[in-house]
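Structures given as structure tokens follow.
Note that chain A is present in both complexes that follow, paired respectively with chain B and with chain C.
Here is the complex of A and B:
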């Protein structure tokens, strides 16, 4: 092999190796960026879920208030059914407000009911039922099917204003958000 | 002569390739180090933020929950239990004066809170345990004996993240400490 040819082969090898180095670097960097984007997407969805949960807890249609003082992390049970009906009547407005999410209320603990004082109607199947028959109820469901979603849960007080002073039940707010 | 020159050229070529390999390895190392140090420091995600708030919200909601015992709140019953026990030796919280406790009909405030089908048990079973969140819950006299304790099967033994909250109540027998630790265990991640 002549000296010129040898130089040519050497240059080709160097360029080839350099090219491989750039390819490896690009693939590592793109993987890193992909991971970072994935993390950002997850974080964004988590923020979205917290925002939706906050919106639910602060929505005037559900808030607990006594003498104009608002109680935090509290939902008034008697306002739940009217709110569900309202969402059904204006789905476009509430879909924009709560995006692709599903919000449910779970009944965790309540004291015993007796006589004519039965569980709130929102959690019973028949109006006369003494005890809650449905422990979990959907408030609205704007979640699009088939996609993956994340679930976030928050403890909330469920206020029953049929008695004075009002009874407070332990509830669980479940927010599912499409990822 | 030509043979010797050929051998010399071959060795030189090998050395160059070896040099290139070293440059290649160094380049990858430098890139990895750059990526490691240029990445953003770990920030609290929204989920971390919610997990941090969870013990506080759990305790706040629990304390205000109405019980079947004369429509009293959990907080009132805990205070009643603490006010009717002897936190000093040799009793160490074991001797609770049943007669002076709030009478809830068939049971007293201690049984209402911690007995079978009790308030605290139902709350934890239907919330944190249902969500498979590990926790440790404890009610004790401040710097003293334990009144009640409950934890999930895994407890916080191998937790890599613990979010905790302590509430204090003042009873006739001194301060009552209510601790809730919600943890993220290594296995559950």
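Here is the complex of A and C:
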């Protein structure tokens, strides 16, 4: 091989190697940026999930009030069944509002609740049951299966407005949101 | 001659090499810069949207004072338009048009102008209690927007009430002003109570017609449309909104929410009618009285007219009285 040819081959190899290096650098960089964007999207979705959970906690359909004086972190038991019925009648609206989420309510503790009064119907299997027999109930389920989701558990007061002043029990509002 | 040709080939090749290498290096750096600026823009958008969403959700929950959110002169747009329907709300969002992420507002009433470009945005909310709490109206405004109330606002009780309901922060920022504002500005709207000014130099004007509970929208002195308002919070909505279409779109969303609330409260009422251990006859009677009142609130914005609005206002008072009666008789309150 002549000196000139050798130089030409050498230059070609250098270009080729240089080209490969640039391609590798570009792909590493674009992968890194793609990951960064993905992380941002996940962050945003997680934040959205938190917002949905907060929205459910404060929805006017379930909130506790006495002459419009509202109590925070509180769910009125007597509004639960009508709300469940309304969501069944108009699921598209509530899916729009609460996205892909599932909401459950759990009766945990009712101080000095025994004997004279039956438990609220929403938490019993048979009317007249003295103690709650179905302690956890799903309010609605718009969650899509198979995807990752976050669970938020909020401690809430459960207001029983059959009596005045209302009785307050302790419960959990469990919100699962797809992210 | 041959050597010369070889030398030429080598020189040409070297130049081609330099060109290709240079082009590749430049391409790489251009791409890095381009991607980086896109990422930065996306990051900024996401951060702003996060802050905005925090505020929007926060205001849905509680109606505290006005908040400020920095939006770094991004071209925010607010849309609320048809089609609207009871099942999925309206086609409504807040965001940057070219950005992927938007805040969907299909069911939440948000009153603002369409183009929100400024370094910061003001947000405040007011509860729409009809009389029971139904939703929070969210109002957005940016510096450069001028919402002009009449000079003699204090002498008109409704004008005074509406003006007082707007947080001081927006008055201090000279967004909500009394009198007039001379000079160019992003968006200017005059609010009149009672009679149309007849001034066709005014870009936008709304006239609140209290006896008929109507709002008349004018643009450059030309009448555009009449809409209805139910409670003062809706008047503030008309003040902060772009035009009659966005006002009507947001009111439709509010009435969809109201219908859902009525259904839930009716369910509760039916239950309470049969379950009032304190004074069963008295409580039952008042819970029964509430039934026809509540059913009147089961209405759509599009079906409003002057007698209907009048009726809604009367029934609001009746429902408040019934609720007070329930409390007086040691029964559970309706709301």
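Rule of thumb we're sticking to: the second predicted complex is superposed on the first by the 176 of 179 C-alpha atoms of A that agree within 3 Å, B and C clash if a C-alpha of one lies under 4 Å from a C-alpha of the other, contacts with A are read in each partner's own complex, and residues count from 1 in each chain.
Everything below uses one rule, namely that contacts are C-beta pairs under 8 Å (C-beta built on N, C-alpha and C of every residue); 3 or more make two chains touch, one makes a residue touch a chain.
Since the model is a prediction, treat every value here as computed from it, not as a measurement.
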Query: Which holds for A:97: it touches chain B only (first), chain C only (second), both, or neither?
result: second
Message: Tell me the contact category for A:162 with respect to chain B and chain C: first, second, both or neither.
response: second
- request: Look at A:47 in the shared chain and tell me whether it touches chain B only, chain C only, both, or neither; answer first, second, both or neither.
  value: both
Field: Touched partner set for A:126, first chain B, second chain C, both or neither
entry: neither
- prompt: Is it chain B or chain C that touches the larger share of residues in chain A?
  reply: C
Query: Touch check for A:29: first (chain B), second (chain C), both, or neither?
result: both
Message: Taking the superposition on A as described, I'd like to know which of chain B and chain C A:148 touches: first, second, both or neither.
response: neither
Task: Using the touch definition from the top, say if A:10 reaches chain B (first), chain C (second), both or neither.
output: first
- prompt: If you lay the two complexes on top of each other, which residues of chain A touch chain B in one and chain C in the other?
  reply: 14, 25, 29, 36, 43, 47, 163
Task: Would you tell me which residues of chain A are touching chain B in their complex?
output: 6, 10, 13-14, 17, 20-21, 24-25, 28-29, 32, 36, 42-43, 46-47, 49-50, 73, 106, 108-112, 135, 152-157, 163, 167-172
- request: Note which residues of chain C are touching chain A in the complex, please.
  value: 6, 9-10, 13-14, 17, 20-21, 24-25, 27-28, 31-32, 35-36, 39, 42-43, 46, 49-50, 53-54, 57, 60-61, 86-89, 101, 104, 106-107, 129, 131-135, 256-257, 260-261, 263-268, 271-272, 275-278, 323-324, 327, 330-333, 335
Field: Footprint of chain C on chain A - complex, ascending
entry: 4, 7-8, 11, 14-15, 18-19, 22, 25-26, 29-30, 33, 36-37, 40, 43-44, 47-48, 51, 54-55, 58, 60-61, 63, 65-68, 70, 76, 78-79, 81-83, 85-86, 89-90, 92-93, 96-97, 161-164, 166
Field: Contact set on chain B toward chain A in their complex
entry: 9, 13, 16-17, 20, 24, 27-28, 31-32, 35, 39, 45-47, 49-50, 54, 57-58, 60-62, 64-68, 71, 73, 119, 122-123, 126-127, 131
